[in-house]
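Below are the structure tokens for one structure; questions will follow.
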Amino acid sequence: MKHTVDKETTLLNESQAPFAGSGEVPYDRYGDTSAGIALGDGDFQINFGPQHPATHGVLHLVITLNGETIKKVEPHLGYIHRSIEKMCESLTYRQFIYVTSRMDYLSAHINNHACALAVEKGLQVEVPARAQVIRVLMDELTRIASHELWWGAMAMDLGAFTPFFHAFRERESINDIMEETCGARLTMNYMVPGGVMHDLHPNFQKRVKEFLQLYKRKIHEYDELVTGNVIFQNRMKGVGYLSAEDAIAYGVSGPSARGSGVSSDIRKLYPYEIYDKLEFDEVLEIAGDSFARYMVRINEMHQSIRIIEQLIDNIPEGDFQAKTKNVLKLPKGDFYTRVETARGELGVYIVSEGGNTPYRIKFRSPGFSNLSVLDHMARGSKIGDLVAMMGTLDLVIPDIDR
Amino acid sequence: MTNEELKIKLTELQPAATFQEGGEWVTINVEVADWLAFAGQLRQEEALFFDYLFCLTCVDWKTHLTMVYHFSSTKYRHNMVVKIKLDRNKPEVETVSHIWRTAEFHEREVYEMFGVNFLNHPDLRLLILPDGWEGKNPLRKDFDDPVNMIKL
Amino acid sequence: MWSFSQIANEIHEWLSKTFNPTWTLIIEMVLAGVAVIGLFAVLGLILVIMERKVSAWIQIRLGPNRVGPKGLMQSMADTVKLMVKEGLTPTGADRIMFNVAPIIAMIVAMLLLAPIAFARNFQLWDLNIGVLYVSCVSSLMVISVLMAGWSSNNKYSLLGAMRSGAQIVSYELSAGLSILTIIVFVGDLQVSKIIASQETGWWIFKGHIPAIIAFITFLIAVTAETNRAPFDLAEAESELTAGFHTEYSGMKFALFFLAEYVNVFIVCAIGATLFLGGWMPFHIGNWTDFNHVMDYIPSSVWFFGKTFFLIFVIMWFRWTFPRLRIDQLLNLEWKYLLPISMINLLIATLMAIMGWHF
Amino acid sequence: MNGSTIIFYLLAAFTLAFGMLAVTARQIFRSAIYLLFTLVGIAGIYFWIDYEFIAAVQIVVYVGGIVVLIIFSVFLTHQAGEKLPKQLLSRKIFGALAAFCGFALVLLQVFQHEFAVVGKDVPSPTVKDIGSKMLGTDHGGYALPFEVISMLLLAAMVGCIVIAMRSRPEEKEPANSK
């Protein structure tokens, strides 16, 4: 983008940019008198990113520090904003799904799933049972893969390198399954309106069972290497506390909210596909600190394994795709669907004017809301804690920037 | 609360408001002037308790803009949608970021993408667009960028 | 059987026959200097490849395996790469300080090699304050870090330098106290005497529990003092990108890198000397036959074996533990290690007075 | 001139040169670093006269301790990177004069004092002897001054802790506590 050049040059002195509103501060936001804290004596600002090892992408935080203590965290977004919402306005209902794999690239299947569900809701298409099961299987595999990557990357943020490789050992076998089934390892584009793009590979069941065995054999290493480590627990417990009220107020969803004891699993609350027929638990922790969020994700992997085990031997025969017209046209109106990605609640809001392209489309991405709570969480803690918080919020930058 | 009960309750609070039929959730159209008071009621009224604002966005209808708020209650698990019609040339609406803090970021996004001015917002400035961005708001329908936009 | 001391003596004799005493001294000094620089370079190469192989082994992967047999020449290739890279100096940097800092790091590391006994009768400088010399010169290490951090004119570097300063200054205390524990047992600071006192058994065995506690404290403290994970807060890459050496590149960076590895070697050598008997073979009391068998293994093998074992342990730390936070790091030192090593020193002194150790 | 003398002159030149630089440097951080080199040079001279323990103490106390403290305090001030203002000429002259007077006084003492040659029973400067002298209570022992100084240091330490404690209650961490 031609405009991004001047962003870097004006970074430091923009914290006091003029208000576009009436100029008055209507309420005392965090106990401060103004929205932007003025630089006091001994404070200094550092640019955390856009190129920084702990942001896992081009996230840019301007941090105001007093010594090692954080006074304020200010996200500056947009470095990889592709305006997917605008792009989708010129793509047909069959095409726009493929763009969404690039949002939260670790939950590509689930993003596609949300879009497919929205279109199906508009068309009122009944998805065949086989397709539903395949979709759920793929979602849960994606969720495990995403949490594996999160686990490794978060441990790396805290300075332990080895877990990353252990996590990738398992993640590789999921990626292999994905590759065999959909021909892609990251941006799958497997789910289409009405079902899935093509049938499962004959090896699928065998491979998944092999993966389940591998996972069960190796999962205890995760706890031995990281969860039980004293240093790790000291780094996580009591760090980045988020109360249940704040989690709701900031719109935090997914594992990050469940770590604060907020029941927010869309799969349980507003079940889609066959989730209401499956046996699994919504993982809740009440401590609200980084360790609680960590434990939620670890246990969620176990729950996903449970779901896969229930389904893998019971994939019904039949069509993998419902019969749909070549050109899809949604009736006039607005359609909202929400699914649970690995990061939280993904909402797809389609406004249709009756044509073959969406009139307006909005993705309510979990990362955007989860990021907004970072400033609230981080104030008063150390730089090292900020890294732990960002790790347990599990930010994926393309998901925030869309 | 079921949708019908919700409708009755909302009519009590906003007799002037109209409902939009056909959607999955109760959709209410509110006047800009009533919005701030109504938002407070939505959050504070014990029977409603809409504490979770899960989606905040705007739609450009070429003649006017519409703010769309999706609410949910973590206590009663009921959902609703609020729509507010704005003037396209001078879109202004009261902020709700003091009621639902998540609105702060979402409103900043809408501010830069649609040019909606949120009155009394604590920190209304560009979030995603580069600083010093001058020109039109990218998600409006009349936005055109011949360099970066590819038309199919 | 050859030994280092034999070679050294032969060189010395040949030199004294051919030259007058002054020239002999000068040539020997030059030789020692070349040997130290050579050792420095070789140690760097070996330790880098060792670190990469150990980490690969711990992380279930292969590690470097393309350059040379089993990838053993990889660190040579890295050296060449670092040497031909451009050494940047940032515009806002304090040029003199910025360029001097890595050199100081290296000089300090080289100075530290002086009192280490690599084998029987093979030592550069057996000065009578031996161990104290090491702990005092190693305190100079912090200067190069502070210089590098400040002169880079980078906030990350400055934060890293501040952290490193606080860390090294604090952990010096418990490292010093745990060294003192052994000195109390030996009654002397001289390296050769410390080693000689372990002829009947290493101090970690002879010194009962206080020696073991001191050994553990020593390992933790020196890991912190050499800025190795889990105490690598000065360069914590996920927080401060690279800490004090963020702005360094090419050979200047390589000098910091080398100095870090040589420091690891030195502290492990000191640990091996104090607790594990240095070059002294494994002896048990008065089992003469067993002790004779042990004596057949060359003393240099014993020394390097023990040192590299300790280096392996420190690498093992690095690839297993997450990093501590700065306040936890200081808590660990001031609230746990320091009191423990103080009490431990008292107990050790009592034992030494009463003669309770073996 | 033998090798030993050459080394002495090298060390002396090193010390003096960095001493000059420490005084004339315009940046406070550089000045601290030059001071450090001066102190290292002095330690080198101690090593040269075989007073190894004193040399080690010089390095531990001055270089490892005091200069690091100075550098820390330099970091904590705001003008660490800026150049200090040029000194006034009068100050320079007075400074030079004061230094010269001090130097002259020392020189006068050195030339006037009759340095008596000590006999063979001089105590060797090994750690053991220094230790037993330091804690000796007999003639020539320093037990009393040693204890007095340690009391002083203890008092200083307690004072530090008290000062550090006082500002504690205000800065309670708000976000962290549950």
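The letters A, B, C and D name the chains in turn, as written, and every chain counts its residues from 1.
The criterion applied here is as follows: a residue touches a chain if its C-beta (ideal position, glycine included) is under 8 Å from a C-beta of that chain, and two chains touch if they have at least 3 such contacts.
Keep in mind the model is a prediction, meaning the values are calculated, not measured.
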| item | value |
| --- | --- |
| Number of hops, subunit B to subunit C, where each hop joins two touching chains | 2 |
| C-D or A-B, whichever has more C-beta pairs in contact | A-B |
| Intercentroid distance (Cα basis), subunit D paired with subunit B, Å | 68 |
| Rounded Å distance, subunit C centre to subunit D centre (Cα mean) | 27 |
| Rounded Å distance, subunit A centre to subunit B centre (Cα mean) | 23 |
| Subunit A and subunit D, separation of their C-alpha mean positions in angstrom | 58 |
| Residues of subunit C touching at least two other chains | none |
| Subunit D residues counted as touching two or more neighbouring chains | none |
| Residue list for subunit A, restricted to those that touch at least two other chains | 376, 385 |
| Subunit C-facing residues of subunit D, complex | 2-3, 27, 29-30, 33, 36, 40, 52-53, 56-57, 59-60, 63-65, 67-68, 71-72, 75, 80-81, 126-128 |
| Sites on subunit A touched by subunit B in the complex | 1-7, 10-11, 14, 17-22, 24-27, 29, 35-36, 75-78, 81, 83, 85-86, 90-91, 246, 248-253, 262-264, 269, 333-334, 336, 338, 345, 347, 349, 351, 359-360, 362, 364, 368-369, 371-372, 376, 401 |
| Subunit C residues within the subunit D interface of the complex | 22, 25-26, 94, 96-97, 127-129, 132-133, 135-137, 139-140, 142-143, 146-147, 150-151, 153, 158, 161-162, 165, 169, 172, 188-189 |
| Subunit C partner contacts - residues on subunit A that touch it in the complex | 44, 46, 52-54, 68, 155-162, 164-166, 169, 225-226, 229, 231-232, 234-235, 382-387 |
| Complex contacts: residues of subunit B adjacent to subunit A | 22-25, 51-55, 57, 59-60, 68, 70, 74, 77, 81, 95, 98, 100-102, 104-106, 109, 111, 117-133, 138-139, 143, 147-149, 151-152 |
